[in-house]
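Consider the two complexes below, in which chain A is the common component and chain B and chain C are the respective partners.
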Partner chain A sequence: MEENNVLVDVRDLAVYFHIEQGIVKAVDGVNFKIEKGKSLGVVGESGCGKTITALSLLLLHPQPEGRIEKGNIFFYSDSGDRIDIAKLGINSKQIRQRRGNDIAMIFQEPMMSLNPVLNIGQQLMETIRLHQKVDKKTANKIAVEALERVRISAPERRMKEYPFQLSGGMRQRVMIAIALSCNPKLLIADEPTTALDVTIEAEILKLITDLQKELGMSMMMITHDLGVIGEMTDDVVVMYVGKIVEKASTKRLFDEPLHPYTKALFKSRPEIRTQGRLSSIKGSVPNPYMQPKGCSFEPRCEVAMDICKKKAPGFFDLGEHLVSCWKYSDGEGL
Partner chain B sequence: MEVKGLKKYFPIRKGFFNKIVSFNKSVNGVDFNIKKGESVGLVGESGSGKTTLGRCIVRLYESTEGSIKFNINGQMIDLTKVSQREMKSIRKHFQMLFQDVYSSLDSRMRVVDIVTEPMAIHKIGTQKERIDRAKELMESVGLSANDIRKYPHQFSGGQRQRIGITRALSINPDFIVCDEPVSALDVSVQAQILNLLLDLRNEFNLSYLFIAHDLGVVKYMSDRIIVMYLGKIVEIASSEDIYENPRHPYTEALLAAISKYKAGSSRDILLKGNIPDPSNPPSGCVLQTRCAYVKDLCKEVIPDLEPITEKPNAFVACHFHKELNLNCYS
Partner chain C sequence: MWRKFLKHRVAVIASVILISLYTVVIFANFFAPYGMLTSYKFHTYAPPQVTKINFFDKEGNFHIRPFIYRQVAARDPKTLRFVYEGDLKQKDYIYFFVRGEPYTMLGFINSDIHFFGVKEGSLFLLGTDIIGRDLLSRIIFGGRVSLSIGLIGVIILLIIGTIVGTISGYYGGWIDNFIQRIIEIIRTIPQVALWMALASIIPKEWPSIYVYLGIVIIFGLIGWAGLAREVRGKVLAIRRSDFILAAEVSGASTSRIIAKHIIPNVLSHIIVIATLSIPIMIIGEAALSFLGLGIKPPMTSWGLLLTQLREVQTLKHFPWLISPALFLVVSVLCYNFIGDALRDVNDPHSR
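Up next is the complex of A and B:
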């Protein structure tokens, strides 16, 4: 990986929540890079810290209880300068310039993230005028173009409509239009199609891929659906309870998943061709206050060994394919 | 159970006097039957009327037209005709599982009260017997009987759905309507719940109407599958047959939309646009506005749900189902 191709470089990031019941390590030492024009998938069950990781890139993680404990989030601007987002103040001018302008985000529930009392045009133009110094007329023109770009028919008419008048798929298109209106360098998509029907899901995913290529932006795709990962991403990280457990190119991960958790995720999806019972992962994601001392997946793992209970595994590199599991240690680090 | 010509229209009211201006034709004449011990899947996009149909069957909604006949101890009783009072005794034969496990359990009731309430309503057993049965059922759905005094918020999504299942089973129903019981859950937990529902079906000889928008999940749960679009049934076929040999263009489109779980794969998009307004369905075939194979005939004449000669219990509503060569799931 060439250094100058990197857009975002996250190093040893940790986000802890300090609440009455104790400390919740929502994100605990996460490393990943997003290259320019490439897309990274983040996959895992609910409660694995996927969303918090994404939100922290914009310093939008819940505050004040959530804090970035340590680590760096390096963002490389066009001129080659790098800034460390993790060191910025949450309301600083610098982060406000990044939000929406350089890094945009779309969310799972488009009804919740659109303002019900403003029409589509007002919401689009708000973003545009915040980041670009243009008058109302030009902003209006950019907004119409943004709606055309996400293939909404009759954009001038839609500008005057309110969110409740649109279908779920339409609302998600509007969200994408708002996110892309300022030509961001990175689009973070947090489960953008979970609330949609399968037929609409396929359309929206196609739209996002097309636009990503067209605009040459990078993408971070958060989902619990491995099918979406396969279609949308170049590289993938698998997260479990705040930690990355496996990291590889999408092709390698799909050809040969290594971590028992990744394998279990692949096995538990309903497959049309096979018969019989589904295999499931026993138990559920552990209580965040009482995490196991060793490997966090050990209580649910079917191939757990003695060492797994005692010591958390580090990363083992199997040639561009990182996995955090003692099975692949070859005696190293024991 | 037999459903004939079932319709459910929701009135759309407008203006100062709340005058009824038109009807939202959510379920617009459907016929099908479910045999004892059979599990039938019901699929379609949101807005196709699946949930409304499910709710009409357990009479959570009053149907506008048609009949729902239910076999109770050898007698066919039409649920749309019986009074509310009679309904109460009939209700114990069927139950419903809901999609939203957060709002379908009363957050101020303990698990023990949630699970024993249906038994109390139907006057089954004494208080102690009811609690014993609740404990026994909790163990059989994979919950700990020690948790019986906890509140719903102390459980995870998958565990809540298990509480919902325990509640549904408490009165020994013959038939359960499952309205997307796993769509709000994680994949790994989804598999647990689906396996549990299959085991319980064998153990208690239950019939299911399994509603989902995902053809992948339905395959696991159903012997037969009903495909619904805009208030109408467009195809009924056995669950093996429908994936290998779809006969309706809408079924083909749903199959194409199942993700392939391969790196670098993509899905074909066969349906353009959105589902039309159910208060003003298109003339002729319901799918004509979005169908890739549409011909003039489809715009004028409504196709009947006709039986397929070579397959028993298979039906399709398409004028051209014999001519079309549709792609199966690949």
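Up next is the complex of A and C:
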């Protein structure tokens, strides 16, 4: 990985929630890089910190209870300058200029992510006019183009419609149009198709892939659907309770998943030939206030050893394939 | 939205009534047959003539223009009170756009044309008070105070309630806690008692226009608590919704998010609460004035007009003096009907 190819470099990022019942380590020492023009998949169960990680790239993790405790989020601009997003003020002008302009995001629920009282045109033009110094007429033109880009028919008419007049897939297209209206360098897609039905899902995923290639942007795809990861991403990180447990290229991971959690995820996928009951991962995500001392997956792990209870594993590199599991330690780190 | 509102027939009728009431009181000088303070000393406690309007004279001839027989006063030899009878020889025809007392309306319209009236004699449709002032005219002028106090008070209430409620809901944390406790304190004190306490602070020697403004401000300063609490609840819900996050992701500033995304989404609630707050203030003003803590003469209001009835004997002998209460009830009911209809229109669960 050459340094000048990297767009976002997250180092040892930790986001903790300080709430009445105690401290929840939502994101706990996460490292990953997103390369220019490439896409990174983030997989994991609900509540494992995927979304919080993504939101913290924009400093939009839930506040005031959530705080970035440590770590860096380096963002490389075109000129090669490096800024550390984690060090910016939470509502500072610098971060607001990044949001929407450099880093855009689309969400899981297209039903909820458009303002019900503003029409499509107003919402598109808002983002455009926040980042580009253009008059209303030009903004309108850019907005129509943005709608054309996401293959919405009769864009001029849609501009005047309200979210309730659009279908779910249509709304997600509008969300994508808004996100891409300022040509961002990174698109964060937070389970963009979970709320859509299967046929629409395929269309939207194809649209996102096409537009990513067309605009040459990077993408961070958050999902719990391994099928989506396999189709859309170049690299994958697997997250479990706030930590990354495995990191590899998508091909490597699909060829040979290493971590017991990843293996279990693959096993619980439905396949055409699957007979009888689908296998599931026994147990559930540990209580966030009382995390095990050792490996956090140990209580649910089928191949747990003694050491797993006592000490959390570090990363073991198996040649461009990082995994955090004692099984691959070869006696190192014990 | 409008179509849905128009389906509430009662509310539509109520709006028409309210709009006419406001038109009449705004152009009070024109619509009132007499001035607010003009008194006719030979017509004290004259009964209403609205029931004495005739189209047929005593010979049975039909007149296209209605008329009344001129009211003449005579002393009752036993009680020494005035008794009024129609003089059957004198027919006073009622005209529209008739010339009467000169006036200056709204500060710049000088005229002497009244909406209706008689050219000679007198016309007291709702009777007169103790010093012979036309009650209908006084109700129309008093309506200026009664009907405007709710509107102006509601504007103050809206501004304070929306700002405080939005801050409370948007920022959360200790700010929210602090504001909510203040609201609770305000709401635990009985409203009428608080009105009275604050109204009694207004110096007695102030001119009546200042007293009026003072009362408006008191209503605004007390009434915001309920609105602020409702706004806060809505803002809290909207604050965590995805479209606010989406706006933040787009790089919108806090002030922009509040003004463009949050307020428009709570606006419908604010309008409903505001509409339902107006009648509370109208009643409040009437109550304060009735108790002598509100509007002072020479200004008048519907509540103040009712103070004449503090003794039940007065009501027994001169029952028409209760008519300001009728206007009070009608306008309060109209506001309530409109408020209820707006609530239905805004409720996504109603069909």
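Here, the second predicted complex is superposed on the first by the 334 of 334 C-alpha atoms of A that agree within 3 Å, B and C clash if a C-alpha of one lies under 4 Å from a C-alpha of the other, contacts with A are read in each partner's own complex, and residues count from 1 in each chain.
Methods note: a residue touches a chain if its C-beta (ideal position, glycine included) is under 8 Å from a C-beta of that chain, and two chains touch if they have at least 3 such contacts.
Just so we're clear, the structure is a prediction, and the values are computed from it rather than from any experiment.
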item	value
Which of chain B and chain C A:83 touches, first, second, both or neither	neither
Which superposed partner A:203 touches (first chain B, second chain C, both, neither)	first
Touched partner set for A:312, first chain B, second chain C, both or neither	neither
Which partner reaches more residues of chain A (counting touched residues only), chain B or chain C	B
Chain B versus chain C as contact partner of A:215, first or second or both or neither	neither
Chain B versus chain C as contact partner of A:64, first or second or both or neither	second
Partner chain(s) touched by A:134 [first = chain B, second = chain C, both, neither]	neither
Touching partner for A:109 - first (chain B), second (chain C), both, neither	second
Contact set on chain A toward chain B in their complex	45-46, 167-170, 197-203, 205-206, 209, 224-228, 230-231, 250-251, 253-255, 264-266, 268-272, 277-282, 284-285
Sites on chain C touched by chain A in the complex	172-173, 241-243, 245-254, 260-261, 264-265, 267
Footprint of chain C on chain A - complex, ascending	55, 58, 60, 64, 91, 96-101, 103-105, 107-109, 112-118, 126-127, 130-131, 175, 178-179
List of chain B residues in touch with chain A within their complex	45-46, 156-159, 186-192, 194-195, 198, 213-217, 219-220, 243, 253-254, 256-269, 271, 274-275, 329
